[in-house]
Every structure is written in C-alpha cells, then in structure tokens.
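Quick one: structure below, then a few questions.
Each chain carries a letter (A, B, C and D) given by its place in the written order, and its residues are counted from 1.
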Amino acid sequence: MSFSVSLPVRFQDVDAGGVLFFGRIYDYCHQAYEEFWGSEGVDRAHFFAGAEYLVPIAHSEADYRRPIRHGDRITIRVDVTRVGRASFTLRYHVTGLDPGDLRVEASTVHAFVDRRSMRPIPIPDPLRSILLRHLLREPAPNLSA
Amino acid sequence: MSFSVSLPVRFQDVDAGGVLFFGRIYDYCHQAYEEFWGSEGVDRAHFFAGAEYLVPIAHSEADYRRPIRHGDRITIRVDVTRVGRASFTLRYHVTGLDPGDLRVEASTVHAFVDRRSMRPIPIPDPLRSILLRHLLREPAPNLSA
Amino acid sequence: MSFSVSLPVRFQDVDAGGVLFFGRIYDYCHQAYEEFWGSEGVDRAHFFAGAEYLVPIAHSEADYRRPIRHGDRITIRVDVTRVGRASFTLRYHVTGLDPGDLRVEASTVHAFVDRRSMRPIPIPDPLRSILLRHLLREPAPNLSA
Amino acid sequence: MSFSVSLPVRFQDVDAGGVLFFGRIYDYCHQAYEEFWGSEGVDRAHFFAGAEYLVPIAHSEADYRRPIRHGDRITIRVDVTRVGRASFTLRYHVTGLDPGDLRVEASTVHAFVDRRSMRPIPIPDPLRSILLRHLLREPAPNLSA
C-alpha cells in the first residue's frame, strides 16, 4: 500500500545551473510527507506544531539519478521502510511522468520526542497503525546499489 | 545614519531564468533587517519570536531596476522612512559593489501587535529610539519615480 | 474570467513567528502565475527560460490582511489588471477556504524584453490575447483601500 | 587544512516547529561550499554556471544531532574526504559557537560532467589540486557512528 503525490516543479526551485537545486528535493519530499499524513486523516497543524510530541528528522539522504528541470511534473511515492519503537524511516521514490523514469531516491528518519523534555517517546498507537499499514514488506532495494 | 550590510548572492536563489528570483529579494532585505536590529544590540530570538509583541509585516514592495545574478555581491542599505505610533516603514536600497549601481529598491511596513490579542500596540520606547536615530530626514526619493 | 488555484501552505514556509514568511507569498503567487499560463496551454519551460523573450518582474507588492498559517489551504485568484504594449500587471487575491476570508492582496508587473538585448519588446500576440481575455473590466478595488 | 565559515541562522529558515527546517541545512552547506571555492580564488559564476563542465550533486546526506534555532550563529567546517577521478566528497561539520557543540554532520558527493554530453569527465587539474590540499588525511569519523 503506497502513497503517491504528483507535484509541478516550481520556477524558483531551479538553480543557476538550470536543474532543481539538490537541497530542494527535501522540500518536495516533505510536502509528500505532509500529504501522506493528510491522506490518512491526520490534522497537519496539530501533528507538526500543536501536539505534545515533536517529530524532528534525525537523518536525511538522497541519491540523484537524473536531473529534474523546471516544467517537469514529478511523482513522489512514499513508502515506510522501518517502524521502530520511537522512530520510523520513509523512502521517497521520485520519478517523472513515466514511473520508470527514476530521478531521485531519498530517505528520512523521523523520531518522536516529548515536546518539553525532548526525550524519545513511543510512536502514538494511532500513528503507528498508519505507518504499519504502509510498511514495505518487500526487501527494500539498497539505496546505494 | 544609515545601516548597510553586504551579502553574497546564493546559487540557489537564482531561478530558471538565470537571475535572482524576484521574491528572494525580500529574504535578503529581511536578513539586512535582522542585522539592523542586531547591530543595535537587540536580541533577535527575543525580538522575532520571544517577546510579548509580534511585529508582522503589513506591506512589502520592490522595484527591480537591474538584474541580480549568482556570483554578485550586493549591498543593502536600510533606512527608516517613517516611525508611527504602532508601525514603521523601512526602505532598502540594494546595489552592486558600486554604490551607484542600483539594482532594487524595496520597502516594508512593520506593525507592532500584542502577541495574544493581535491588536496594535505602541512601539516600545527603546526600539522607537533606535528607529528614530535611523529615520531619514531628507525627503525620500519617490519609489516609483 | 478569472483563474484560480488552490494550494496547501507548506510547513517550511512558515517562519519562526508561526505564520507564513511575508516573502513566501510571492512564491505562491508565482506558482499561481505559472498555472495561469499552463491552463492556457502555454509551455512553461519555453515561456520561462526557452523563448527569444524574457519576462522579468519589474515591480512586486503585497498587502497582508490576515496571517496565513501552516495547515491552511489558500486560494489564489489571478486577475489581469493592465495590458500595455510591452508589459502587463497581475493582481492576486489570496483567501482562505471561504472566498470572503481575504488574507493577502498582491500585485506584480511583468515586462517583455528581448533575451539578447534586454530591451523592451511588444507582448507577442498569442500571449496578449490570453491576457486580454483575463483583463478585469471592472474598476479594480484600490489595493490600499 | 580546513575551511570554515560562520553564518547567522535566518528567520525564514526556521519552520513551524521552531527549528531549522531539515532541508535548509543543505542551503547553508552549499553556501559554505561556495565560499570554499571563493576562498581559493575560483570564480563562482564561472564554476557554477559558466564553465564547460557542470558539477551536479550525486548524493547528499545529513545527521541532525541537536536542533538549530533562529538567532543561532553556526560554524560550518568543510573537509574533503575523498577525491576520485571524476568526483569528490565533502563533509560538513556544523557547530554552534562552541566547536564542541555539534549540531549537524552532512556530506555531499559532487561529480564533474561535460556540460553538453553530461558524461563524466576528470576533475580539472587546478581544481583537483585545491581539493587535494583540503583532503582529510585522518580516518574520517563514521557519520552514523
């Protein structure tokens, strides 16, 4: 069970070299991540800034396979590749219109912490259930392969 | 008494057309605005997000005279052009290395409001004093002239 | 004949003060502007970076009426308010879900120039026709009223 | 031989959660990367968009150790950790004012390609010399350790 979102590449996200600035891919992935929660009925304003927990990102990485340009429309498929006690990992598969046209593979690790103490806390059950439903059962292709 | 700051134009702020994305000039102006307060000993974290007041921007505008490109170094001169009871106006004079090489003229209106009620409140006296010291006494050149 | 687009407010566009960073409204307006041309069948990659003309922005301005927060969904209505020989003016009416919930009014002036000489050139006829079809015939409400 | 740059954290780079948006660290690292070349006398506009080569980023990653907030001033130390035939790897050590106050460790892989064919080409000798002078001879601490 995969979640996908399709987004146009904005004029301002392309850099002086004529392709998407490498750091901007994380903006698009995060937008997909927001839509992922939204599609599951999670209130975004609450999740991201109003809850007793915070969910900072502990790690991010991306492999750039082919350039992304202004005018492209990209599709981002979001898979859950790990659900731990207090953290989980997402993988983003970014393609052009053709699903075989892989542009970027990215990954983020998200850790639940208590808003006050900033200490790790277990993933709340309703959110854990959502993550488990999206957990990729197949062996994940190695990001660096 | 003018405040100036010199900033390099970042690679990622240039758009697919090869010049600074028009909206990014406000990022550079805001950075100059932060440095303006910082140069006067105002604590930024407090001023921008920790005080009993908020200072939202009520109006922004910019006239683009000549393109700004990656690799350019720009200088932003900040002048106070109006100090009201609860709001003030800044003007930004953005040039290349040569002070006569005008690229952009911009302006922002800032309004003090109470953080809770979001109602206008008078500019706190210590901040008003700073603004008055930077108030441009000369007739301001018309932005659209 | 108005063009509208609805966009979610991204997490990263909200600043340390908890509301949309004032300069980011221009990113959203530009995205609406891109969609405007796209909805008329204009090829974006060509229009923005591949044609014999460039269309730099000569002026931008915005009036911020009510704050925009993360989790909001905004609607941007794009109207053409002026079509000159070599330039045109757009107005952006940014609201929340309720069309009466005005958040920002913004405006941009766009000038056609020859890519090589950077001199003003007449708006190409096919584009002029599109602009004229969207030209607001009603007296435009005063931006600062 | 390490290169370092110190940068203020901008208001607009902090997200709705109150800390630097995770993707923005790459903007700061890239700014350090630009300054790195600049400090070695390399012309930035040429290097980034005007040469016969392009140097796209093939991989990026970051480990977030402690949050970065608005008002912080961060120091980014840039080390070269690998110089290959056609590509090289940089590591960014991002700290607060105190050099022991580690906030983020990041890394990027840069590949030289011919601008027209987009095929890998050897790193030009003058640039290779610079990279080799900055190559970290010590065993690099494991990013994920």
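Everything below uses one rule, namely that a contact is a pair of C-beta atoms (placed from the backbone, for glycine too) under 8 Å apart; a residue touches a chain by one contact, two chains touch by 3 or more.
Please read these numbers as outputs of a predicted model, since none were measured by experiment.
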item: Other chains in touch with both chain A and chain B; value: C, D
item: Centroid comparison with chain B (C-alpha atoms), farthest chain; value: A
item: Pair sharing more residue contacts (C-beta pairs) when C-D is set against A-C; value: A-C
item: Whole-Å gap separating chain A and chain C, where each centre is the average of the chain's CA atoms; value: 29
item: Computed distance of Cα centres, chain D from chain A, in Å; value: 23
item: For chain C paired with chain D, centre-to-centre distance based on mean C-alpha positions, whole Å; value: 35
item: Where chain D touches two or more other chains at once, by residue number; value: 11-12, 16-18, 21, 23-24, 27, 30, 45, 48-49, 69-70
item: Complex contacts: residues of chain C adjacent to chain B; value: 16-19, 21-24, 26-27, 30, 48-49, 54, 56-64, 67, 108
item: Residue ranges of chain A in contact with chain B within the complex; value: 11-12, 14-18, 21, 23-24, 69-70
item: Parts of chain D lying in touch with chain B, wherever the complex brings them together; value: 8, 10-12, 18, 27, 30-31, 34-35, 38, 43-46, 48-49, 69-71
